[in-house]
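Both of the next two complexes hold chain A, though its partner changes from chain B to chain C.
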Partner chain A sequence: MSDGITPKTIFDDSPRHDPGGAVKVYFRSIAAIIWKDLSMELRSRELLSAMLVFALLAILIFNFAMELDVKIRSTVTAGVLWSTFAFAGTLGLNRSMAIEKDRGCLDGLLLAPVDRSAIFFGKAVGNLVFMILVEMIVLPVYSVLYNVNLFHWGFLLILFLGSLGYTAVGTLLASMAIHTRTRDVLLPILLFPVVIPVLMAAVKASNGFLQGLAMIEIMPWINILIVYDVIFTALAFVVFDFVVEE
Partner chain B sequence: MIEVRHLVKRFGVKTVFKGLDFHVQSGEFVVILGPNGAGKTTFLRILASLSRPTSGEVRIYGYAIPGQTSAIRRRLGVVSHQPLLYDNLSALENLHFYGNMYGVPNLESRVKEVLELVGLYQRRRDLVRTFSRGMQQRLAIGRAVLHDPQVMLFDEPHTGLDQEASLMLDAILREVAARGRTVVMTSHDLTRAAELASRIDVLSKGMIVASVPREDIEPDQLAGFYRQAISETSS
Partner chain C sequence: MTSTPRWLRILDYITATIFMAAIGMVFFYAPTEALMGAVQRVFYFHVASGWVGMLGFLAAAVAGVFYLKTERRLWDIIGFSAVEIGIVFVFITIVTGSIWARPVWNTWWTWDPRLTTAAIMELIYVAYIMLRQGIEDPDRRARYGAVYAIVGVASVPLTFLSARLFRTIHPIVVGSDPSSTLGGFDMTPRMLQTFLFSLLTFTFVFADLLWRRVRLGILADKVEQLKMKRME
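What follows is the complex of A and B.
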């Protein structure tokens, strides 16, 4: 085995760092983490299948449990959907970070010479993609089960903004919870109190669009969502380094 | 090169290091010996900027931990107990991923070089989960040398390796030393320490309790030297 090792191939003293600059490496790292998470999920389907089965079962249970008439259905739709996405989302967030922790891969990420916020953004965007994929599958099923039309541009915008805020906070808190032995239990306990504003705003704004309210009544909730997304994304950018370090 | 002064590290009420001093010159190959629980892994994690010192000064190439860790990590290669590889990616994909994270230029050719170096080029498209422990550790070494680091940290790298993989690792370690790279390696293996090191330190109870240049000690004296260093701190 050692015969195949020539000094020239391991350490040839040529530059080993891209001269393109830190910004280029930063964005390339984010893209690499997203690509890695999507590739692994494409093979294992562990995360998506867990989230999806949970979400579909949840809306099915709601369907049988609430025996809703047509009028009430439209008023509870947003609440049922956001409750379902929030609970299913914790499964995805936990699994996404557990993949990094279980084989020590989080250390591999932290050893990379890139600002650690790139790791946060890579993981958060990956989690957002998974959450949106689940939502895109659940919505048609919900539409058929409840006979409600959900394909309204405003509602889809709220889904995106709400999911963005949820995954930003969720990725940050999952990074904290991952260091504990009770991570599966701890994440929802940490996460749900913090995401109450985003869930409340998302439910109210979604209801507004689904019931055809005027934009002036919906805009305050959209503003809350946007402000929440900006604040928590910025907060995660600042504190992620401290959260993941021992 | 590596300067550690008055390092203190606490986990809650437990103090691991109470003022540890440690210095490594450029090109040295330092093996740190010590019993289980002495703090070897914690010490390497601090040098790798994976764990924040409670107090004290840690500098590598003049860059401080914490504060200038990106500059340090660019110069570090780390091999630990765990391979830090993704089971559901192939060997090729793992190295591409880490190459992108390190901003390695000419990545295609460098990945090919490294896979040939660690003897896994034929298995490059196989998922890591199908690899034996030895093959995973070889790929982990490939990951660690991908960006051609100037300082390498090895945390008991021979753990769980078969004879062939251990010999390959020894060959790489010798080459790293021959190329003037600085190495800090923790180990329980006195024989390997005697073969590879230019200096042998003993870490016990959070302190470097003994340090000897390799040329000042015969291989058959090493076990006695180690036992004496440990017993002095135990008493």
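What follows is the complex of A and C.
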């Protein structure tokens, strides 16, 4: 890679001498993996474009399936958007892990002398970035198409919290799904039943913000999202070792 | 594989006996509920099967933790045996619940937190089985199964919590949630005894089935190893 962060610069400092250095190396390896994913995407654009086109098509389908006129729209906007993101998300998650597996990159990553959890966080943050990018393109499109302003700080916060939990579990399960015979088919089946609390909470909370409900009614949902994010990020961090073990 | 251990055979007999006794208690010992009538008798085995389903899911997660720690095949066999039993009993719970709900709530199904959680739990179990079927390498299958059982069980309380919150904000509940089967009618001492006895019985059923299924799993494991050896 000619992008400044090469494996050499990452692993040159020896972490054994000072504990602060170990943390630094840890974060630098996470950054390196994110950077690798982003620069790869910048060149091929295959992942983002697939997710984006899929998301727009999904909204198109919802438009005709539910007749999104003004009355219905106000109550289902959050649901339509979150279903779209959930489905588009599985495309991205599958692709991002399949790339690693098919071209033997995963083995390379595992051979690197870094903590396995750094690989997990690198991939998860990369997936989160892609998901948020897609959301940031779909939101204005939806706003223009249906003449609603979705850029409310609360709505954006929920988008972030929801995507965080979704990608944390999604990255873990995607790295399991790619090792199975049915790979792409399996990921949504594994992911959706587990991620339902996120979708429920995100839909209700976003709806609350869009309809201008009082914070006291939205807060429980935000709490669920935060609890989910914390529990599942920690859980994925603990068990990821076993998933990539050869 | 040796012949059936003596304790397992004893457990078989105990389970069969108390199961017959439980059926007898449900039909003859427990009084008929005043409002709902005979259909209320489904409640004893309904809650008991739900209990076994939860037990199966929990056992699978605990076995998963032990498998990841020790990497002993036995824990894996216990894990998927528990899941299989769990699937069957959650399904029984859903079916018996519908039988009860039709005359009492006037609907087969409602999106009540417990019903929602049971349905989602069943889907997690099914996904677990599908995940395992897609993996050939036994070690990887065991590891992934363990990880998914743990992730699944961690999500169930949150699912229940969100489903409950979902309903309190949307007060369009048809009937009340099944917890009011406890509060909805006051259990007479005889009903309570029947209920507790059913729970005990089904716990025995669970233990008995699990033991049998684990023995079957160990055999299947041996067959698989023999096949591998032959192929080499």
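We take it that the second predicted complex is superposed on the first by the 225 of 246 C-alpha atoms of A that agree within 3 Å, B and C clash if a C-alpha of one lies under 4 Å from a C-alpha of the other, contacts with A are read in each partner's own complex, and residues count from 1 in each chain.
Criterion: contacts are C-beta pairs under 8 Å (C-beta built on N, C-alpha and C of every residue); 3 or more make two chains touch, one makes a residue touch a chain.
Predicted model only: the values in this text are computed from it and were never measured.
A.B. asks: After the superposition on A, what does A:176 contact: first (chain B), second (chain C), both or neither?
C.D. replies: second
A.B. asks: Please work out whether A:25 is in contact with chain B alone, chain C alone, both, or neither, and reply first, second, both or neither.
C.D. replies: The first partner, chain B, only.
A.B. asks: Name the contact category of A:186: first (chain B only), second (chain C only), both, or neither.
C.D. replies: After superposition on chain A, A:186 lies in contact with chain C alone.
A.B. asks: Output check: A:124 vs chain B and chain C. Expected answer is one of first, second, both, neither. What do you get?
C.D. replies: neither
A.B. asks: Compare chain B and chain C by how many residues of chain A each one touches, and report the one with more.
C.D. replies: B
A.B. asks: Identify the partner contact of A:80: answer first if only chain B is touched, second if only chain C is, both if each is, neither if none is.
C.D. replies: A:80 contacts neither chain B nor chain C.
A.B. asks: Is A:245 in contact with chain B, with chain C, with both, or with neither (first, second, both, neither)?
C.D. replies: In the superposition, A:245 contacts both chain B and chain C.
A.B. asks: Do chain B and chain C land on any of the same chain A residues, and which?
C.D. replies: Comparing the two interfaces on chain A, one with chain B and one with chain C, the shared residues are 245.
A.B. asks: Going by the contact rule at the top, pick out the chain A residues touching chain B in the complex.
C.D. replies: 1-2, 4-5, 7, 9-20, 24-25, 28-29, 31-33, 35-36, 39-40, 43-44, 99, 103-105, 107-115, 245-246
A.B. asks: Give the list of chain B residues in touch with chain A in this complex.
C.D. replies: It comes out as residues 45, 48-52, 66, 70-71, 73-74, 76, 78, 80-89, 93, 97-98, 100-105, 110, 113-114, 116-117, 119, 127, 143, 145-148, 164, 167-168, 170-172, 175-176, 178-179, 181.
A.B. asks: State the interface residues of chain A toward chain C in the complex, per the touch definition above.
C.D. replies: Contacts found on chain A: 169, 172-173, 176-177, 179-183, 186, 189-190, 192-197, 200-201, 204, 217, 220-221, 224, 227-228, 231-232, 235-236, 239, 242-243, 245.
A.B. asks: What residues of chain C sit close enough to touch chain A in their complex?
C.D. replies: Touch residues, chain C against chain A: 68, 120, 123-124, 126-127, 130-131, 134-136, 140, 143-144, 146-148, 150-152, 154-155, 158-159, 161-163, 165-166, 169.
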